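As structure tokens, the structure follows; a few thoughts come after it.
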């Protein structure tokens, strides 16, 4: 339609910021790098000039206090977005996220809700190493009281950021720098209720189910294309919301395909891929499986720097294809 | 004040300040109101102590008896739209804002009628309609929250202020230092109130910090600060008036260090002479003599503004309120089982996807 | 044998401390409450008087710096034990544990190893509420580079603490105050290599497998006794070490029983019980299952305070028995 | 120094200190050695800048050109058993201890022969045999580690000290404040060295802190402190001598604030005039004129202790060393794939259970 706009993942995020800041005076943004044009790719360009430094607040190097302040501002009726240019830096802010934001509603009897959004960016590769490469979404998926969003598509990058900020609950919104170049034509914004957002089948198939979130969904989609060349029809389910987690769509899919490969760019143990396998295994009867489920994750190691090791560290399309072939063989 | 040694000087001396307060030109009527509020706090906490001792309260209670003048002096200048945050020892902060004893007691008993609807007990209090945004027991956890609530007030142009009550132990958490800097840089209208009772559970401040005055951090962060005898409600309210006014006028954060002492042990009803480090019976006795209530009452009496009879009457009245509030709280219902999941997220539907 | 000594779980930990401090001058302890007789139950009584306040260091309320200091001391050849009287307080210290301790060996090419032990205590119940009740072992199990130990038995409380401290790697040792009253007669101490410690069958059975760690293993054992009364023979496998995780013993057991109930006192999503289900599901063929696996965990909520809600919040023996009965029916 | 405003005074003035250093009675031979080390750092970093620009280096390099005098002045008093920790901008800290350029270059290239065996690149350096315990890029991450390593030295009675290098941005992390207090209370022999280059990436200190002098935190924590021109190696070494001696004698931690400036942008080879906030070309030019190397060379020449010829020769020698080290590093092998899992835990067997 003529009303569609071309975005990439980064500018889709930017559009969400502009929409929120333009429409909701209670929205403000706080975090490191917000007055710099290079911290967060093209996803926040010139917001400070457009909306003023009073609403786009660049901060001291104090992740704990900035995140805690956003929790407090949210309790006082604002809709803050805290930006952590790397999820790794947020390890300093765990008390604010996990002890405070996630629990406040429950602790006070459901009478107050810190509706902040924590935007945590996965930013890896480029030989940056172990402290600048993590993907800790499984941690936040583990904590009741948080909503966790991990957009894989350009549309979700925009619309789920808006839904996150408008949600009355604390949300951890996790975007991945490796996705910023994806492009798409999007219809005008509609405000979604985050509580209604469910996993989505991005590609249909009945030989096996690939389930994943964020950047791993790109891997799954690309793997599905390659598998199709080998006549393997993979269904790709993008999880989108990791907490509260509702896998009905995935379970439904595996009921049909009988095979599951969970792909995740996080670590394996107590990670997202394992959770997908566990929920599906609980939900369907053993005889419905045509093969035991499998997962593709990071190896059990911190991120290396050396390019030769980086190239074997991150799960990619070839591995996904290989495991999928094992599953259907 | 220098940054080293026993910088508090006489303020930390248990033998200091045993006599009646000097009332200055504080209106007697206001002082009588404050005396009443302090009594109400004291007696409510004493009641909680006994009920805890007798096993009628299931969770821990951190009592602040002896520290009442701090919250009462500060709250003098607060209004219902301000944003007050506390910690594990926050009964006084709540009651000083006019909080309901029934709501408090019901909460401590885990009842659905409690201030936090029975989800929090003594360590998680909430009374936002009165300006009490909440208290939770992670040490220093609410300090940055107060900065954010103050920032919100500035953005909302309400002229409201936030208050963060915390202790001399909390000062040791890095997030407090970050919060001071952030508040200063954002010109957030927040008042940091350190109730320096010289102890963090069993540890005397001399075992934890090189100076017993925490106001040095306000100075390092260029925040306007005052240091007062926290057992002198006249001194507290004087300093608080200046600092709250400063914040409300948009001039930035304030820092109030109030030196005080808790009479009970760190938690529950015992005094902790036997379990603490560096806390002697003599010190405790001296501090009891520096009673913020007794000193004010004595001064008011000397000024002809108070009498044994009025004291007795006030005590009786509060006693009655306490008994009734407690009985009602005991009779109140517990939360329904659904509360466990219904209160996790803002909407029920969301809790069980 | 006559050389056995009677311990409870708490004094077994104390015995480990005494052994380590008496024998290894490079061992010291740092944390909150160490000069108080009531912070950590009976598990550290009088250590300060016995070994001196220079080696038993009570600290300011500064979890981040104290944990980081232990990492640095370990790099400098000491064997520090950091004590967090509640695992909840450690949320302030995540950088030191996850960004530093877990990654240091890898980041510096395996040339230095911060061999500290972080003793994190799960301390809940008693209407203490959401910030004083957490069990975050799944988080640490997720992070490569950490070893994670969760002793369920009196013997393990002692011997795995010793193995943790003697391990050259960073270890998170998680004990649970609800176990302190368990008693046992133990033989003299032998030093174990933590890298060799594997899950252990604590009770044999062939109708179903109960897998769990820490306090949940007590639940599993008690449930097994009740199940035996109903002629259901449950095998109980105690996981003991959650990271690096090796579930061969559990997989072996489920191969025999065909049924699995994973019991865990942590949260469900991306938690320990799900990981057990995932690993077993990957490892055995669908036809080997006699029923779909199940798990018993906390509900998706922070810990409440009110006693009526506490009583339904924590998983217990009746629920474990009920689920086990469903599985075998 | 007061706690507010531009407390650094002239030290932060770009136009200050352009002339030759005043050498005092510092032995010329030592100064010549320091000049050589500073040159070695500068030229190595310039080489890295070019290689990064040309795409030969895959990972980020945070260059400290302009700040060489700090590490060189401090390292003068260090020995191989001391325990030095750095951060993201630590080439100078390493080289000042005599670190191998080949080891550094190979590391930056991700080679198995690198100082961290190719596992860390520029931001994760390790050379424990020379006392360099490690640098990693989480801001402030190593500061408490240095306190612990110092505590260990005290317990081990070695007389060794630890050094924590960090920036004016890192000071804003709460853990630094906690570390100051902890070091002070434990009397840990650690020297906190703040390289105050007035910026944290794009943010000038005036946008982040109410005062540009971080030494106020040493005062708040009662830690012996000195504030110096970080581009004056004579001043740095004088202060460092006193503070390292203080720590080594067991008198407690020290705090050295060295005011300096980085010539390049926050990361990689460009200067960041175009991307920074509050950084003008004029300031940058002035700071380049306050070159720690140029000022020392000029002073030594004026004293007849140095000459253009010697400078040229030193430059040539270092140039040769750099070329050889680089070529060797380029030719060196990458780590084997097994390194990915073998180096996670101390024992191979443990990594794959």
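Here the chain labels run A, B, C and D in written order, and each chain numbers its own residues starting at 1.
Here is the rule we use: contacts are C-beta pairs under 8 Å (C-beta built on N, C-alpha and C of every residue); 3 or more make two chains touch, one makes a residue touch a chain.
Quick caveat: nothing in here was measured; it's all calculated off a predicted structure.
**Q** Based on the averaged CA atom positions, which chain is farthest from chain A?
**A** Relative to chain A, the chain whose C-alpha centre sits farthest away is B.
**Q** Using the stated contact rule, I'd like to know whether A-B or A-D comes out ahead in C-beta pair count.
**A** A-B
**Q** So how far apart, in whole Å, are chain A and chain C when each is placed at the average of its C-alpha atoms?
**A** Measuring from centre to centre gives 30 Å for this pair.
**Q** Could you give the separation in Å between the centres of chain C and chain D, each centre being the mean of its C-alpha atoms?
**A** Here chain C and chain D have centroids separated by 41 Å.
**Q** Quick one: chain A and chain D, Cα centre-to-centre, how many Å?
**A** Going by mean C-alpha positions, chain A sits 37 Å from chain D.
**Q** At least two other chains touched by the same residue of chain D: list those residues.
**A** Only 118-120, 124, 136, 138, 141, 172-175, 178, 181, 185, 207-209, 335, 339, 343-344, 351-352 qualify.
**Q** At least two partner chains per residue is the criterion; list those residues in chain A.
**A** Correct list: 59-60, 62, 64-65, 88, 91-92, 95, 99, 103, 106-107, 129-131, 144-145, 244-245, 299-302, 304.
**Q** In the complex, go through chain A and note every residue touching chain B.
**A** 28, 54-55, 57, 59-60, 62, 64-78, 80, 95-96, 99-100, 103-113, 115, 144-145, 147, 167-169, 195, 244-246
**Q** Touching residues of chain B toward chain D in the complex: what are they?
**A** 3-4, 172-178, 181, 184-185, 207-211, 216-217, 219-222
**Q** What residues on chain A touch chain C, complex-wise?
**A** Its residues touching chain C are 64, 88, 91-92, 94-95, 98-99, 102-103, 106-107, 129-131, 138-139, 141-145, 242-245, 266-267, 269-275, 277-279, 281-287, 289-295, 299-302, 304.
**Q** Quick one: which bits of chain B touch chain A in the complex? Just the residue numbers, please.
**A** 83, 85, 114-120, 124, 126, 128, 133-134, 136, 138, 141-153, 155-156, 162, 174-175, 178-179, 181-182, 185-186, 188, 335, 339, 342-347, 349-353
**Q** Could you pull out which chain A residues touch chain D in their complex?
**A** 33, 35-39, 58-65, 88-89, 91-92, 126-132, 299-302, 304-309, 312-313
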